[in-house]
Amino acid sequence: MTADVLTLAPEALVALGAVLGLAVGTWLPPGREGAVRGLGVLFAVAAAVVAVVGPRGPAFDGTYLVDTATTVVRVVVAGAVVVTLVLAGDRPDVSGGPRLTSGGSGGPRLTGDEAEPTTARVDTAFAVLLQLSAVGAMLLGGATDLLLLAAAVLLAGLPLAALAGLGRDGRATEAALKYFLSSALFGLLALTGTTLLLGLAGATAYPALAGLTGPAPAVGMILVLAGLLMAAGAVPAHFWVPDAVDGTSPVTGAVLTTTAKIGALVAVWRLALAVPAVPTPLLVAILAVASMTLGNLAAFAQTSLRRLLAYSTVSQVGYLLVPVALARDTGLALPTLLGYLAAYTVTNLAVFAVLAARPHALEIGEQRGLARRHPGLAVALAVGLLGLVGTPPTIVFAGKLGVLTAALDGGAAWLGVVVVVNSIASLVYYLRWIAPVFSAGDPVLRDPVAPRARVVALGLAVLSVVGSVALVLVPTL
Amino acid sequence: MTLLLALLLAVPVLAGLVLLAAFPRATGAPVVAAGGVAAVVTSVLAVELATARPVVGVPVFVVPLVPGITFTYAVDGLGAVLAVTVAVVGALVLLAAAGEERLRRGRFVGAVLVFLGAMLATVTAATLPALLAPWEVMGAASWALIAFDRRDPAVGPAAGRAFLTTRSADVGLYVATGAALAAGVPGLAFAELAAADPAWTSLIAAGLVVAALGKSAQLPFSGWLSGAMIGPSPVSALLHSATMVAAGAVLLLRSAPLLATTGWAATTVAWAGALTAVVLGLVACCQRDLKQLLAASTCSQVGLMVLGAGVGASAGAAGLLVAHAAVKALLFLAAGGWLAVLRTRALPALRGAARRHPAVGVPFTVGAVALAGVPPLSLWWTKDAVLTGIPFGEGGLAVAALLATVLSAVSATRAAWFVWRPVRSPSIRRGAEQPGRARRHVPVAITAALAVLAVPAAAVGAVGVAVGLVPGADPGELLTTGVVVLFAAAATWALHSRPVRLRSSLWGRAAARVRGWLGLEALTGPVVGTPVLALAGLLDRADAALGAAVPRAAATVPVLARGVERHGERRIAAAVDRFATGVRRLGDLARRPQTGRQHQYYAQGVIAIGVLAAVAVVVVSAGVR
Amino acid sequence: MTALVAVVGALGAVAVVTGLLVFTVNSMARATFLLLASFVAVGAVLIGFGLGYLGTVVILMMTIEMMIMVVFMVMLMMNPAGLMPMTMVHNRRGSWAIALVVFGLLTTGVWLVPFPTPGPAAVGDPTLALGDALMGGQMLTMMTLGLALLATIVGTVAVAVSRR
Amino acid sequence: MLTAMWVAPLVVALLLVPVTRREVLLGAWTALALLEVVLAALAWSGVGAPGYAHEVAVPWIPAFGVGYHVGLDGLSAPLVAMTALVFLAVALYSMRGDPAQDGDTDPRRTRGYVLLFLGLEAVSIGLFVALDLVLFFVFFDVSIVLMYFVIAGWGSGARARSALQFFLYTFIGSLVMLLGFLSLAVAAPRPTFDIPTLAALDPLAGRGVAGVLTVAAIGIGLAIKTPVWPVHTWLPPAHTDAPAAGSAVLAAVLLKMGTYGFVRIALPLLPGPWRSVALVAVVLGVVSVLWGALVALAQRDLKRMVAYTSVNHMGYVLLAVGAAGFLTAGPEARGLAVTGATVQMVSHGLITGALFLLAGVLRERGGTSEIAAWSGVAGPMPRFSWTFAVAAFASLGLPGLSGFVAEFSILAGSLPAVPVAAAVAALGLAVTAALFVRALQSMLLGDRHLPRAAERVPPRTGAFRRPASPDLRITQTAAVGLLLAASLAIGLAPGLVTATIAPAAATVVDLVSR
Amino acid sequence: MSTTELVLRLALTAAAALIATGLYGALSQQSVVMIMMGLELVVNGLLLAAGAFWWAGGAPVVASVLIVVLVTVMAVEMAMGFAVALALYRARQVDLTDDAAELAG
């Protein structure tokens, strides 16, 4: 049991961070809860370090498995937590505008409806919920038991609904409602699937499922997948993504589209391998194509940057599902999936960080002339967006290269072609964003920038470029 | 010796380039001196090479192009003679040019030197690339020289036409080179061409012939030469004597063995030469412009050389080339001298010019008489050497050659007649009698050059025959041509003195037509220029349409659609529109499920999952993995 | 055994019927109580299956939960007592279709799929076995659920607490 | 060594990030460009024996067989040197007059410009030394991105649209090419992107349709960048609207990435498939030659005209590489063709770079590069006239300049393989001559007539003094002169480059003959 | 068909009916609370199914663990649902999902 706990040390650390943060946050005066975030960052970093050096192998009677995939999920999720916690530092009150806009009468408009002081310890709640969701995402990545998986889906998803609702204006609440209702229904579908598989196999551990045959397990598998797709934001459980991201602040959007997704996709990968008799790869391939195509097409005409980004994440999940679909056909699938996940996280966070740096400019028209006023931010944005396209030298290129190689190597060249066509289509709306950024804009007297978000954006942009060089360091997976 | 040869090629080119690049605007004595020194050094080098050659063998100078293929230059017999001719004539032309104020410029002298260098390289080239390179340089240099008076709006088109015509013909040389490579000619050497793979010889020959005819202004390429007369007279002297126009003849002389092996090329060349000789001879006879007369006559004479190359009378043709070089340089420089003083080159306006300026007139007359082919001057000997080479069976060629001889006698006499008429020309009188204006002298430099040139113009033929460079012709033939030429000259003189007025306007119109070079120059417009430009315009529009038609990304599609519409391509526009609309509609379609209503999300999600489950059941039941 | 068949059939029917009635009555309060009835029926079935502890837990939990719900509705909702009858439904036909198709498919599956039925597990006390599992193999699951509960507490407080 | 060469610009770029003084920025850039030239010369001197000089191979993403592999051989060394020279020229050229002229009042804009060009230099050199398909692709794509920003940020006219069109076109092409690369890499027993390894393996030998599809995918990607008719339509607007320095780099270096890809990847790695599509390459090459030349003839704007001559010149390259796929001709001839193609790449880079810089001078002085707007330029702008004349003659293939060596080799080398095509393509020489002569005589000769802006004597402002004459300034003369001098050197002593290129070309021909 | 099997299938049928009913409720109700009730019904069905599986012996202990999980999920989701509904009511004075449809497209 001690060994089990040691194996689970990263999760435990993050959870501990959440609990301690809650305790500390309760004692701090509202609105001055930076220490909670600091604590969270500290524990997340510790978790990442422990994840790298810590023990591996199965734990808790085989309900949990720590392998390369789990390690990568833990590190990436912990990293995402660190980044979003830092980003959240720019916003003393997630519901209101950033601190820096409070004094300017002629300044940019606020995102929220009002920005009155609050007694709620929103910061603490944000940090705690984020960390709890991160624990859920980590557990998703390592779960090898359906019951644990179901519990992890709950843990990964539920705090996010509350997180979205922290804004507590009309839009944020609607976002929270939609996220919550989606997660509830699809979570129940997953539980239905779990029940069905349990009834069929008499057990919920993955090895016990391996012998299942026939159509019934396939239905059960689809139902379980439904819950994971919801967490990942993939078609057909993607409906919450645009609405929730559009309704909340960029920082919350970053959380919604990052943490749970990382664990969920690895969980899908594990499931795809768990029951050989079920054609999960084929179904995942269908979902992948649907996700990327729908996400890209729907993003075409968007003018709200958050909504555009939300659809872009839907399409990115589509790309991410491609290696999952090839999990049984090529050994390149897993390294590709993990690499792409990490790359996607860095890049997606970078773009959201750019949005978070100027939370008053969330429409495409408001990006005009950004390059003149804030060249650094513009460069970070360009790197991020081109990264999402999959252009070298950004790290997503390595991911996309992997996806294509895996597709061809796995004998699914058609998937590769679909990915390429979709990448081309996605260019249209990414360039629609980049073009005004680098055009001459109207002179704006004041264009404040959230300092931490800018640093984060730049840092992640650099990481997304340097990261591809650092691939040298990645051992053969 | 290789060093000497390298110097021979390098001195004029480098000196010219230095003048061109560093001192294009320098004027006056330093420039003249520099040019003169370079030219004299070149001449000395040429003479040195020519005299040393029999003793030390053929000097060779090699520059690698790509491994296995080189620019090789060698001074063989023909090369030696031609090199000396080119160098000496060039030096004299430079000397004459020094007489004209506006030509004492670095730009001009430099270009002439480069041009000379290129010609020297052409005559010493031993491989095809070695020929091709200076060949093209010569074309470009001629462009620069003809367009020397850059303010004159007429020089551009004339220079361009000269360059473009020769350049177009040069395509043949590229083809020939490629074909020679294909035929496996070792090192692409001239000497090996005749032994090339027979499958390719025709192509090689065709390419060479086209290039040579173009450069030599033979039919049907003659047109450019007329326009080229707009250049300064020394330039004309250079182009028409030993360089440029002669280069084609040189090329044909060099490739004569190859032409002979093809079975058709030699005949074609011979007939092209003969035809040019006759037709342009006729053109020369009708000219009222001295320089145009001389130009047409050049074509005609070069036609005889080409004829010689075609029939295998290489030595005779080479002799004719040398002699003609001296004669034509002399005549053009003299024309230039009068032009400088009298500001005219119209024959009627030049009446009495020789009397007024005997220092020019006398050498001019020597040249004209030589050009007419009057014995015992140089052209008589050399031309007959060519005539002798015509095979017995080719009666047509012989007749044409004889006719050309007569025509050249007529045109030369015509020129001489005008300049020796008593002064009645109003322009000359006016110029002479204008008060307050000093009488203008022909520049000393020109006079000196003329004096020097008169000697070879008169004597080179006889000397050549004497030393054996030019084959001696059959005495009977010599006599015949001599008599015919004298008769023709006398008749011409007489006819000019007492002109027969023909009543027919047809004759007049025909003469005008011939005077206009049969419209050859104008023809390049409608025959080549206009269609090419039209095609270019057409392709440009097509290109714009192509640019518009290739579907762009959805964002730019509407703009594109408008662009295409402007080009009147409704159908493409409609298709592009449909594509754009289609993509937009797809985008809208993709957004339609996102209604914002949770219960619809629920329904869609459940249905999708249900369908997916159904698919899974079907797939599993069907046994697909 | 036959008795069990009857009990399961009867209680199952009760659960379904009360469940259906939840969405047909006019009053939300009534709907709540019908839902409670449905849960109680299922709890009874669980007890009938020998899962006395879990059945009881379900019944107790639902009772409390439904009480909270009633209070909640009285606090906030429109028309809690069915005083002003109004239907608040949309897409009824589509929902019925979907529900019926789902029911049909599930039932087909239920009667066609060969579920393993080695017979009632008579080994020891089921509550003890559950406890063993919760403290053993499924401990991580339980810890996860515990964290989820924590998150729920934090989240609900953060979301629902008064803004001023 | 090679790594240092392509990393050095990036390092300098990093160092320049905090700098905002124009003089420092431009000075540092020029100094680096000079250093690159020296390094290129040094690296070239190491090329000799068969194989690659200065080779470095490190695994990068080993799971996918991706490595960091760079090396220099006879094909790449001249191109690297040319790239370094062109960037030096561009750097010199950019040290131009006063910043107010092109709206560069903000030194930060100058910084952006310099950083972009430093990045371009890095990826250009990197691409030519890359010996790994992924590495190649990375540089290929980044060049597109950087050039997009150059055009969109510093261009003129409808720059946003031109830039977008350029980006979409070439980016789509690059993705198609990437598919081809992947198909090639996956065909190997173990996925590998290493070019020498793949060349040795010839993984698609005997896999008919797959091979043809692969070569088609790679070919399309390269052809779009080259550009080859009919996918060249992005080129004229991009060139017309790009800033002069951008045009010069685009034409001189970026187009070469396409053609270089043919000789580095398409021919040696896919010999069989290449032979089966060689006829297509030849036909497209010939069409490009004539189409480019004729359409250039119809242009009224100098930049557009030069842009179309690029289509023409690159058509020759395609003709040559196509001819290399015909085994009917002897290896010497095909080797000559490939040598010529490589020389053409170098030569075109030097000459067209110079021409675009000169056209840029016109834009800068008179605000227009319309041919008709300038007349009698020889008088007031002698330096411009001379350099322009030399560049024009070089471009139309005058012997003594590099263009001749290239086109002669290509035509002579291709003719044995494809006589008709080569002969038809040779007609392009005449058309090119016509269009340049037309431009020369229309602009240089005749009465003096300049756009009004060029006649105005501008005030002196800024640290760089503006001259009173509209002629080239000293740095601009140096820039253009540098390129033309290199062209002249190749033209007078072709052995300088051909001695390096020919053995490598022979290797390629050997490989394609397998 | 053995009695065990019959009981199992009967129970499962009832579970299916409960799930379908719950689904109907979730899909058709406008009020957030009523939707929650629908979801509860689904959980109810799952409880029944899990109990049946436990009883049939195919899944001895895990089934009871599943019941615990289900009960917890039910409680957790109910709580969160109430919280969100409350927040929505406070922000917009509505409790109907159709009135909270500002975000779309």
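The chains carry the letters A, B, C, D and E, assigned in the order they are written, with residues numbered from 1 in each.
One rule holds for everything that comes next: contacts are C-beta pairs under 8 Å (C-beta built on N, C-alpha and C of every residue); 3 or more make two chains touch, one makes a residue touch a chain.
Keep in mind that what you see is a predicted model, and the values were worked out from it rather than measured.
Taking the definition of touch as given, a chain qualifies here only if it contacts subunit B and subunit C alike; those chains are A, E. A simple rule picks the central chain: find each chain's mean C-alpha point, then take the one closest to the mean of all protein C-alpha atoms, which gives D.
Centre-to-centre spacing of subunit B and subunit D amounts to 33 Å, using the average Cα coordinate of each chain.
Inter-chain spacing, taken between the CA centroids of subunit C and subunit E, is 6 Å.
Centres computed as Cα averages put subunit B at a distance of 96 Å from subunit E. The set of subunit D residues touching two or more other chains comprises 164, 168.
Among all residues of subunit B, those that touch two or more other chains are 553, 555, 591, 594, 596-599, 602-603, 606, 613. Across the assembly, subunit E contributes residues 12, 19, 23, 26-30, 35, 52-53, 56, 58, 60, 62, 65, 69, 76, 80, 83-85, 87, 90, 97-98, 100-105 that each touch 2 or more other chains. In this structure, the chains touch in the following pairs: A-B, A-C, A-D, A-E, B-C, B-D, B-E, C-E.
Within the complex formed with subunit C, the subunit A residues making contact are 4, 8, 15, 18-19, 22, 59-64, 116, 118-122, 125, 128-129, 132-133, 135-136, 139, 145, 147-148, 151-152, 154-155, 158-159, 161-163, 165-166, 168, 176, 199-200, 202, 214, 216, 219.
The touching residues of subunit C, when paired with subunit B in their complex, are 90-91, 94-95, 98, 101-102, 105. The touching residues of subunit E, counted against subunit C in their complex, run 2-25, 27-31, 33-34, 37-38, 40-41, 44, 47-48, 51-58, 60-62, 64-65, 67-69, 71-72, 74-76, 78-80, 82-87, 89-90, 95-96, 98. Interface residues of subunit A facing subunit B in the complex, by the touch rule stated above, are 177-178, 181-182, 185-186, 189, 214-215, 218-219, 221-223, 226, 235-237, 239-240, 242-243, 277-279, 282-283, 286-287, 293-294, 297-298, 300-301, 424-425, 427-428, 431-432.
Subunit D contributes residues 58-64, 66, 68, 106, 108, 112, 134, 137-139, 141-142, 145, 149, 152-153, 160, 164, 167-168, 171-172, 175-176, 178-179, 182-183, 185-186, 191 to its touches with subunit A in the complex.
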